[in-house]
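In the part that follows, the structures are each spelled out as structure tokens.
Below are two complexes that have chain A in common, paired first with chain B and then with chain C.
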Partner chain A sequence: MNQEIAADGKLNNEVRTAKAFRSKKEEKRYWMLLIALLLIGVIAAYGLLVYNNPVPVDSPSFLPVARRRMYAVVAMIIAAIAHSISTVTFQSITNNRIITPSLLGFEALHSTIHTSLLFFFGAQALINFTGTGAFLFQIGIMVLMCLLLFGWLLTKEQGNLQLMLLIGVIIGTGLRSLSSFMRRMISPSEFDILQSRLFGSVNNAQTEYFPIAIPIVIIAAVLLILYANKLNVLSLGKNTATTLGVKHQPAIIYPLVLVSILMSVSTALIGPLTFYGFLIATLTYQAAPTYDHRYLFPMAFAIGFAIITLAYFLMNHVFSGAGVVSVIIELFGGLIFLFVILRKGVL
Partner chain B sequence: MDRAQRSDSKSIFTLPFILAILAVLALGFISLATGVYDIRGQEDGMQMFFITRLPRTIALMLTGAAMSISGLVMQLITQNRMVEPTTTGTIEWAGLGLLVVYLFFDSPTLVMRMTGAIVFAFGGTMAFFLLLKRVRLRSSLIVPILGMMLGAVVSALSTFLGLTFNLTQNISNWFIGSFAAVQIGRYEYLWLIVLITLFIYLYANKLTVAGLGEDTATSLGINYNKTVLVATALISFSVGIVTAVIGNLPFLGLIVPNLVSRFRGDDLRSNLPWVVLLGMGTITLSDIISRTIISPFEVPVSLILGTVGSFAFIIILIRQRKAR
Partner chain C sequence: MINIRNAVKKYDEVDIGPLNIRIPKAGLTSLIGPNGAGKSTMLLMIGRLLNMDAGQIAVAEMDISKSKSEDLAKVLTILRQENHFVTRLTVRQLVGFGRFPYSKGRLNKSDETIISKYIDFLQLTDLENRYLDELSGGQRQRAYVAMVLSQETEYVLLDEPLNNLDVSRSVQMMGYLKQAANEFGRTIVTVLHDINFAARYSDRICAMKDGGIAAFGTVEEIMDAKILTDIFETKIDILSGPYGPLAIY
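Right, the complex of A and B next:
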């Protein structure tokens, strides 16, 4: 099956004219941009680790400080992988470059889980809700919800992605009103504990989750990268893909499940980031003039990594507003979103 | 079916309509009688009744009317049944307006907050409509998704401002619509809704024609842009007032008009009384539930609307798909 589609729909294997790029120049530009962005990301990450470290390198307390900062950088890498790959995949499957999977209400589910814990079992339970079991439990619930949604809506005769998306958004709204109601009933001090959990922040990432989160994210991402050839075909739209011999519905459920896993892990670990993925994907299409996902994915990751490390570095060390990085990313992503809609004119 | 009903709809007061009025009145009485304070036993019972009970029930009626009319008019203008103040970002804009007023004034009066909410709701809704005009849509389902994404951008801005100036709990409390705080002296601005409803009623035929689309409306001699502008202004007024006085009331404007047009077709003028009545009934019922479910405490009514409403929305969506 893979073989047939491998050459971007071309059957002639001897003269491969269908390259991922239109010209050598564009390909060169792609690689240069990719390397430059990765360099920016790495430099910013290095800066986050050592810049303004109050302890000298040879002091014994240097390691604990650096380790704490390294955890934050690892969390950023996880966020960058999860959001970049899942958003690009999702937009290709839905054949729509405006939509992002974070719309499906992961964040609402996340905050409902945490708020209801605090609400029903008290602050102690929320503080205790850490560790491998809790993490897997939370991800399990999120993926299960997505599976129900996808399975229910996409396998039916009138299966329709837009309908699924809208229903996901509505469920999100319903859950949000449920959790905000519960939040109203708690005392301000408990609200403070909860608020620190609900806003996306790499400094909140619980390090004991890493041993599970990292393999999950890497496996899901690798599986999606291996699926790149099919994604190339799917991104042509449902009709074209069917003509080219891809069974549309089964072919999209597999990547959708992987996307939901990536989003769940990232949301559970770092909190909700609604427009981060959108921002990454939009910039990726500008930076990589290709439709081949084998090239889109690395560029998306490089951009995501550069954005998040640079944002944290600037906010931590240049402007002193460390608490609001995620909100800034949201705002910036949202503005780009508006700009893109206005410029494209088609939805 | 539509035709048959249209012929006798010259007089609104058909039997079902009168029954509906009686039902809403009955709900109103139940609402008046619901509460923790014993108004019959206590000496100042009657006083209490006029200070809180009566204003609350009136506020419910007015708000229910306002939100469902806003939804109806929005659906006409955009020619999309999935549109209402929550799915166009109007409420988020109104909230941003409130926040901005809080930022500039220390303890703003209700009029100031209302003005902020109305101005922002108007600007935001107009921006959304202009956006819809500029964008070619592949599916009508995209419109609410786009509106909610825009709403998310606006709330990201609100969150940012809230975090920077330490107002988040204020905001998230504000955004839960509840009638608990309604009492004499705090709700009177809602009466403006009666005026707005009258305006919409007088304007109904023009709006119905505008709902046929820009080209048709223009060839029928309607100034389309002016009509849309006036309608948006009216919607923003009611949404702004409700947001400032009560808070966010999700999905009311979506469910009520959809139910009505399911039974009665799409003539705005003859549907309007039904939409008003059903809106009043729905919100009064929700409020009664919200007050009795964990009595003596109460649940914000927006929780019930948001949870039940999202389910109803999903059912409407699926039904609509199946009908095709």
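Right, the complex of A and C next:
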């Protein structure tokens, strides 16, 4: 290990630079891994589109089947972008590597909004709560709530991370209990309507929102990628960022808004994926030996895309649809996570 | 010059201030005093890591609460004790962040030259491609000092830079700071706990007590048995040693 560093150091000594990778070798390894992961993702996505298609290509019903499968792949790409970029960003601005936006109750907020709509205004209100306006309204509410919570907690004078995370977890749990309590009070038929709305999945994605959801996700993701330089500084912590001329409060509010937009769009479209972001981020820090978000983001997306397409492919075609993808993601994720920790000995 | 006028920080139990002091440009100024005297509070307020409740602080004629953070980062830098460190960050990359106020993340050739200069200055050349978590506490401390120096600011504030360093590392660190003040013309303000380190390496000493400034002057003026006994409420004698006054306690 030390010899390797010394050797790499010598290599670098010819041109001493503070680039994102400490050696050419590590940079090459990064690109190879990135390309391999993207290939896995693309192959799995292609497999999802064409493998085991029950209708022949020349049949008139081929197109609807292929389109339905394509929607699912698009939903996976949206989920991969949203979860990978928002989780890495959130962990960098809060300087922690455990808590993710999902764990802090973004989804709980989503289900609480819908449940309370039904609970207080009746089934008709929930049924009417569709269309672009409702979608944007819902995202607006979620962004507002997130800002109230995290903005207040993160910008206090002695912004205490542990306190914020604790309060966030408590609020998330509280919202979850509140909405499950309301769900117990409504009639079974109303519950049915609510459930079809809440338990979105990539196969049951709300495709009518694609035309606005896709641009929103892409714009938010691009804005965060353009913000990578500031994120690098913010990941050094509040004190160091301040002394380097990055005013901490406004500098974290902006990415926080984008994170809540990404999370709420993804949740509204395909429902909650609680441990997905955590898994992506953890693997990304192992796979990309750099601090630089310009390289962390692509790796995070490639990992997220490969995980979700592979998981769905396995569920649909190996386990013949007998499993739930979140179970697969959490099973494989947990195994890899344990493997990494045991091998490295550190988190 | 650092000009502090009536700066006040209110804590639940005690108030620090009102502080009034003018710390001149150039040289090394040490802040000494008992625990809870307000040394770190004053330093953090100058370094804008702590908001003051009243008063004004100007560094090089710039009001720190009105000037833009980006502009201040070219004039003033502060290093604290506890720093959150990123795992996959090398020494050289960390020192590179010191150039952020100028480069905004895109390092050019002259930035790289400056980075090399301070890495070499703090004798981190062989360690420059190590990750921070592969270093000892003292080496990491040096890496952070290299970062704030590479920011090339007129004013450099350090909060207890000798914490957790043994005697030889402390002497080494003070040597670097003294040299940075003399060779690079920096104005260094540092919180120190050891009176004799302050006496040996400072140009000026500011002594604080009970949230106020008790005395401010040259080393000879402050290294006075009566003043120090008063400030620390402990019997302190002064001997004249080969390198200047020595406190015996």
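The rule we apply is simple: the second predicted complex is superposed on the first by the 270 of 347 C-alpha atoms of A that agree within 3 Å, B and C clash if a C-alpha of one lies under 4 Å from a C-alpha of the other, contacts with A are read in each partner's own complex, and residues count from 1 in each chain.
Note that in this section contacts are C-beta pairs under 8 Å (C-beta built on N, C-alpha and C of every residue); 3 or more make two chains touch, one makes a residue touch a chain.
Here the structure is a predicted model, which is why all the values come from computation and not from measurement.
Check whether A:Ile170 is in contact with chain B, with chain C, with both or with neither, and answer first, second, both or neither.
A:Ile170 sits against chain B, while chain C stays out of touch.
Which partner, chain B or chain C, touches the larger number of chain A residues?
After superposition, B is the partner touching more of chain A.
Report for A:Arg67: first if it touches chain B alone, second if chain C alone, otherwise both or neither.
neither
Classify the contacts of A:Lys28 with the two partner chains as first (chain B alone), second (chain C alone), both, or neither.
Neither partner.
Using the superposition on chain A described above, determine whether A:Val246 touches chain B (first), chain C (second), both, or neither.
second
So in the superposed three-chain picture, is A:His317 touching just chain B, just chain C, both, or none of them (first/second/both/neither)?
It touches nothing on chain B or chain C.
List the residues of chain A that touch chain B in one complex and chain C in the other.
none
Considering only the defined contacts, which chain A positions touch chain C in the complex?
5, 8-9, 12, 16-18, 20, 22-23, 95, 157, 228-230, 232-233, 235-237, 239-240, 242-247, 285, 288-291
Show me the residue ranges of chain B that touch chain A in the complex, using the header's touch definition.
Touching chain A: residues 82, 86, 131, 134-139, 141-142, 144-146, 148-150, 152-153, 156-157, 159-160, 163-164, 168-169, 172-173, 175-176, 250, 299-300, 302-303, 305-307, 309-311, 313-314, 317-318, 321-322, 324 of chain B.
Show me the residue ranges of chain C that touch chain A in the complex, using the header's touch definition.
47-51, 69-74, 76-80, 83-90, 92-93, 95-98, 100-101, 104-107, 112, 115-116, 126, 128-131, 134, 148, 151
What residues on chain A touch chain B, complex-wise?
Residues of chain A touching chain B: 98-99, 103, 158, 160, 162-163, 165-167, 169-171, 173-174, 176-178, 180-181, 183-184, 188, 191, 195, 199, 274-275, 323-324, 327-328, 330-331, 334-335, 337-338, 341-342, 344-347.
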